[in-house]
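Let me begin by presenting the structure, written as structure tokens, before commenting on it.
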Amino acid sequence: MQTHTAKRVEIVIEAPLERRLTDALVKAGVTGFTILPVLGGSGRSGQWSREGQIGRASGMVAVICLIRPERLDDLLASAFEVVERHIGVVSITDCKVLRAERF
Amino acid sequence: MQTHTAKRVEIVIEAPLERRLTDALVKAGVTGFTILPVLGGSGRSGQWSREGQIGRASGMVAVICLIRPERLDDLLASAFEVVERHIGVVSITDCKVLRAERF
Amino acid sequence: MQTHTAKRVEIVIEAPLERRLTDALVKAGVTGFTILPVLGGSGRSGQWSREGQIGRASGMVAVICLIRPERLDDLLASAFEVVERHIGVVSITDCKVLRAERF
Amino acid sequence: MNDILSLAADNLLSPIILSFVLGLAAALGRSDLMVPEAAAKAMSIYLLFAIGFKGGASVADHGLDAKLALAILAGVILSFGLPFIAFAMLRVMTGLSRTDAAAVAAHYGSISIVTFVTATSVLGGRGIEAEGYMVAVAAAMEAPAILSALWIMARGGSGKMEPGLLREILLNGSIVLLVGSFFIGGLTGAEGLAKIESFIVSPFQGVLCLFLLDMGLVAGRGLRGARSAGLGIGAIGFGVAMPVVGSLAGLALGMLIGLSTGGVALMMVLSASASYIAVPAAMRVALPEANPSVYLTLSLGVTFPFNLVVGIPLYVAVAQMMAGG
Amino acid sequence: MNDILSLAADNLLSPIILSFVLGLAAALGRSDLMVPEAAAKAMSIYLLFAIGFKGGASVADHGLDAKLALAILAGVILSFGLPFIAFAMLRVMTGLSRTDAAAVAAHYGSISIVTFVTATSVLGGRGIEAEGYMVAVAAAMEAPAILSALWIMARGGSGKMEPGLLREILLNGSIVLLVGSFFIGGLTGAEGLAKIESFIVSPFQGVLCLFLLDMGLVAGRGLRGARSAGLGIGAIGFGVAMPVVGSLAGLALGMLIGLSTGGVALMMVLSASASYIAVPAAMRVALPEANPSVYLTLSLGVTFPFNLVVGIPLYVAVAQMMAGG
Amino acid sequence: MNDILSLAADNLLSPIILSFVLGLAAALGRSDLMVPEAAAKAMSIYLLFAIGFKGGASVADHGLDAKLALAILAGVILSFGLPFIAFAMLRVMTGLSRTDAAAVAAHYGSISIVTFVTATSVLGGRGIEAEGYMVAVAAAMEAPAILSALWIMARGGSGKMEPGLLREILLNGSIVLLVGSFFIGGLTGAEGLAKIESFIVSPFQGVLCLFLLDMGLVAGRGLRGARSAGLGIGAIGFGVAMPVVGSLAGLALGMLIGLSTGGVALMMVLSASASYIAVPAAMRVALPEANPSVYLTLSLGVTFPFNLVVGIPLYVAVAQMMAGG
């Protein structure tokens, strides 16, 4: 099967920032992403879990972007602007994708 | 800790296709996979989010398969048959796994 | 954008074990992780899905840890102790992260 | 005419419709108000169970009407037939591709159970009785339209019937629940109804309010998506004209088999309404090339609100004029 | 005998049981009907809260019965003791491994609160009173059986008591909610009940219908899994025989301490029922080598439906014969 | 004084407060009892819809009071003003950073709708009437406090007003739902209320019990987190003193504009209560450097339980003393 080199970026970010992040991605020309729910986690700002949440204040989501390697820097720059002042993490993995025309 | 080389395949696919995909995987001898819920996303067919869904028509799920490298092509071929005509993406990453006898 | 080498560990484990796993991680000094819900899956112990669950007996969760490469072995050792007797899988991927000071 | 307007005004000022309007406005104003998916599904299970049960209990009460089989047959014919009319109208009125037009057509042959439930609520509020078995007719009308759409596509050489799809459609959750609770209501009758009345009768209208609030939110988001779906004035026109055409077909058959005034009104509502649960899911499997935002926007964003706000009072008034009562 | 049959027929034709059958049929027919997990959990919280509160309010009303302590003691003894009987039966009747047999045994010493709730509903429908504190007995019976199973395994050299597991079992959500709402009901009494009656009394049976619809779906999927779990005829036989054996033990102790007819019936139901929430979760931690599909299939797929459809009317009839009423 | 104590004792023994205490105890005891997120959200939608609707219907019933505008104005002034008092108190009583103090202050200017709902329930139970439009006042008080906090930060050079944030705050789900259902209730009046009464009136107290059970769980987890958040005695003291200070401000303005006894009590409750939904979410966007565990612990873990258990009966008693009734 024909595969193509790409990058997989995974951003864990606070739920109230979700729309700001996806807006920033779209503005940077990144129109492909998938958002996963997050049940809980732990980091420098302590441990939290979705049970014990009223409202969406401190919940988080994971945003996954598959992107051509040459566009990675644009994506990171625009994502970083949103993530910068907030809690959350960004990781990047090398990957292969099918159907390169989609990215 | 003893680790073993494997591939991690991540398939984001429409929810109504889920059973067809897992059936195809099982038929191709892939009996290990994990299914994650998806909250929303964006791609060539536009942006969508789970709020705003009645029924499961346009929701999506993410299917993750860890598999021995030599079995990757079988998996991709059988997955591709289901994904081909549909929206969604497939990515493949190199990884290591514990307890190789499980794969 | 400045990135740093790290490892991404993904552990799929039974929900009743979640607290035991995260406690073990914290004891091993791993204080950063994210927990994702799992809808269903298939493995050596058969296929299951969240519909059809009363209570959390046989549900699963996915725990994702980003960690400095040199701390990987500690993490795996402590995670393995919890996972060992149970169903579930562990995979490790090379990745890059932003903001290394967080890991 | 005056009558229709006053009925419409009456309808507009009910908590049910205003809740829908609130949801619509919130979505159009981009409020973050949202009903959790699980709660919306739970409410739809409640509504289906309650409406099915009450239908069955009413049949048990009034005895089995000889017209039941005729009414179901009429429903099946409408569900099979309306997609052809819809497809023809779409090809004339819009520039939609053959595939998109076929997919949209399937939605209009099938039904929207929430529109049906709202209509029974309106009838109840006016004291107009309807045959209890109309819920069975509703269930019977869900699926046939899908086959018509696939047949339209098959003539054009595409749209294959995936193995298992037919079983999936016929045993889809809402059909099973509607038919199942209809049987439970029929078997346990008035006595069974008495046991669970304070669950399925008294709070019914209130639950419907919250459910329609959510439907308003969903429809509003659909309307906001209408622009990006690039729906022209022709498509929007279809979304308003088709329910009227459908209701007339329903009127004709309903009168032909001699249903009561309420029954005729419900037959009109079923024919006029468009699916947005069962059929979209089936289309993703059977016609994946069809664009979901086209059919979801038309069904949920245009026809559903039209029926709720304008259609139902209109159909009820017409049924009253034609069938008396 | 005639009486039992007519009671059973009566029971079968209630909306509650028919809802369960509908769910069962839908799952066996592989319909995609499903109740969202969150809704199912919300309903179980509602049922636990309502049943606990009503029990407490009834105790407040009737004064504290001297038999309360005795009844709880009897429950604890049953919960500790039944796993040994179950284990012995399993070793004789089936080829299950020691570990699987111990895990299954734990389930049958513990209880199913839904079976209990359904039984109180059936008793209520027949106008048979029961002691309000039976919900406290139910709570007391949840956990001891787990310790018996671990003790059986420990004799064989495995099955260690994880640190924290005991606290986890005793403070498990359903025990806390049941006991807590029992106290709330007891403290606020008739006055408190009056305030929330239209929430926890009137719609109770209706909510139970929807909950049992979901239980039917779950049990049906469990039954479909029974084949793949490779359960033989011996295991299935155990799933039917054990509740009857358990109910007789419950009958004996219930009569011994002189409970009312309703109380004896509920003691039989508690002894006959098998856990499918608390115990499976504990087993995953304490006996991970035990195969969950074995114990879930037996408890949910065989014993639960058996008790619901055949067992409850049988136990009630026997209690009436033995304890009068 | 005696009166206040007996009122407080009365309040303590209601199912509502005891449900909260049960949740609190379960969380502190680390039970795994939990209410699914979707169910908690669904209940809060129900409560907002019901309280808004009933407020609107009551306004429709009693005619539009000339004081409505005054009351809303008073609410807005309180919401704008209280954060400055809170900020000053925090700088004196605690060692919190400027940012954390500003974020906390925003919460205390805004309101907790559940505290408000509980208070209306308590008033209802005592037969004390209140102006229906107090729900509109509640809605008006949600947002202004956020602006005050941002203004405090802006003076210090940080805390920028993100584009779109203001619209987000004003159109936040709970404001839209509260105001929207208030209008629906106002438009459909007594007739509309009659239609959905058995949904939004009868089961209201019961739903509130389950909701407060969940709030107890959440607050208890918050309290357990209080240690890790490192909140000192000064901060805890603020969490108890500030609601009392706020309630006095509410008392003054409520009496000034001549509200009824119930209205004064509700104005006190609104001023005394602290937000834990809308404001935390806004703070994560506007003041991300502020530590969420500080403001969530104070608002949910300290002030909310204080108001529920001690505050409400106190404010009601004071309002009765000052405004008569």
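Letters A, B, C, D, E and F mark the chains in the order given here, with residues in each chain numbered from 1 onward.
Please note the rule applied: contacts are C-beta pairs under 8 Å (C-beta built on N, C-alpha and C of every residue); 3 or more make two chains touch, one makes a residue touch a chain.
The structure presented is a predicted model; accordingly, all values stated were derived computationally and were not measured.
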Labels of chains that are neighbours to chain D and to chain F: E
Count of contact steps on the shortest path from chain C to chain D: 2
Maximum centroid distance from chain A, chain identifier (CA atoms): E
Most distant chain from chain B, judged by the mean position of its C-alpha atoms: F
Fraction-based call for chain B against chain A, same above half, different below: different
Distance between chain centroids, defined by C-alpha means - chain A, chain C (Å): 18
Gap in Å, rounded to a whole number, between the CA centres of chain E and chain A: 45
Interchain centroid distance [CA atoms averaged], chain D/chain E, Å: 40
Interface hub residues of chain F, defined as touching at least two other chains: 34-39, 42, 198, 202-203
Two or more partner chains touched - positions in chain A: 36-37, 93-94
Chains that touch, pairwise: A-B, A-C, A-F, B-C, B-D, C-E, D-E, D-F, E-F
Residue ranges of chain A touching chain B (in the complex, touch as defined): 1, 3, 6, 8, 22, 26, 31-37, 61, 66, 93-99, 102
Contact set on chain D toward chain B in their complex: 34-35, 37, 40, 44, 162, 214-215, 217-218, 221-222, 225, 228-229, 276-278, 280-285, 288-289, 291-293, 296, 300
Footprint of chain F on chain D - complex, ascending: 13-15, 18-19, 22, 25-26, 29-39, 42, 125, 198, 202-207, 209-210, 213
Partner chain B, residues of chain C touching it in the complex: 10, 12, 36-44, 47, 49, 60, 62, 73, 76-77, 80, 83, 89-94
Partner chain D, residues of chain F touching it in the complex: 36-39, 41-42, 45-46, 49, 53, 167-168, 171-174, 176-177, 180-181, 183-184, 187-188, 192, 195-196, 198-200, 202-203
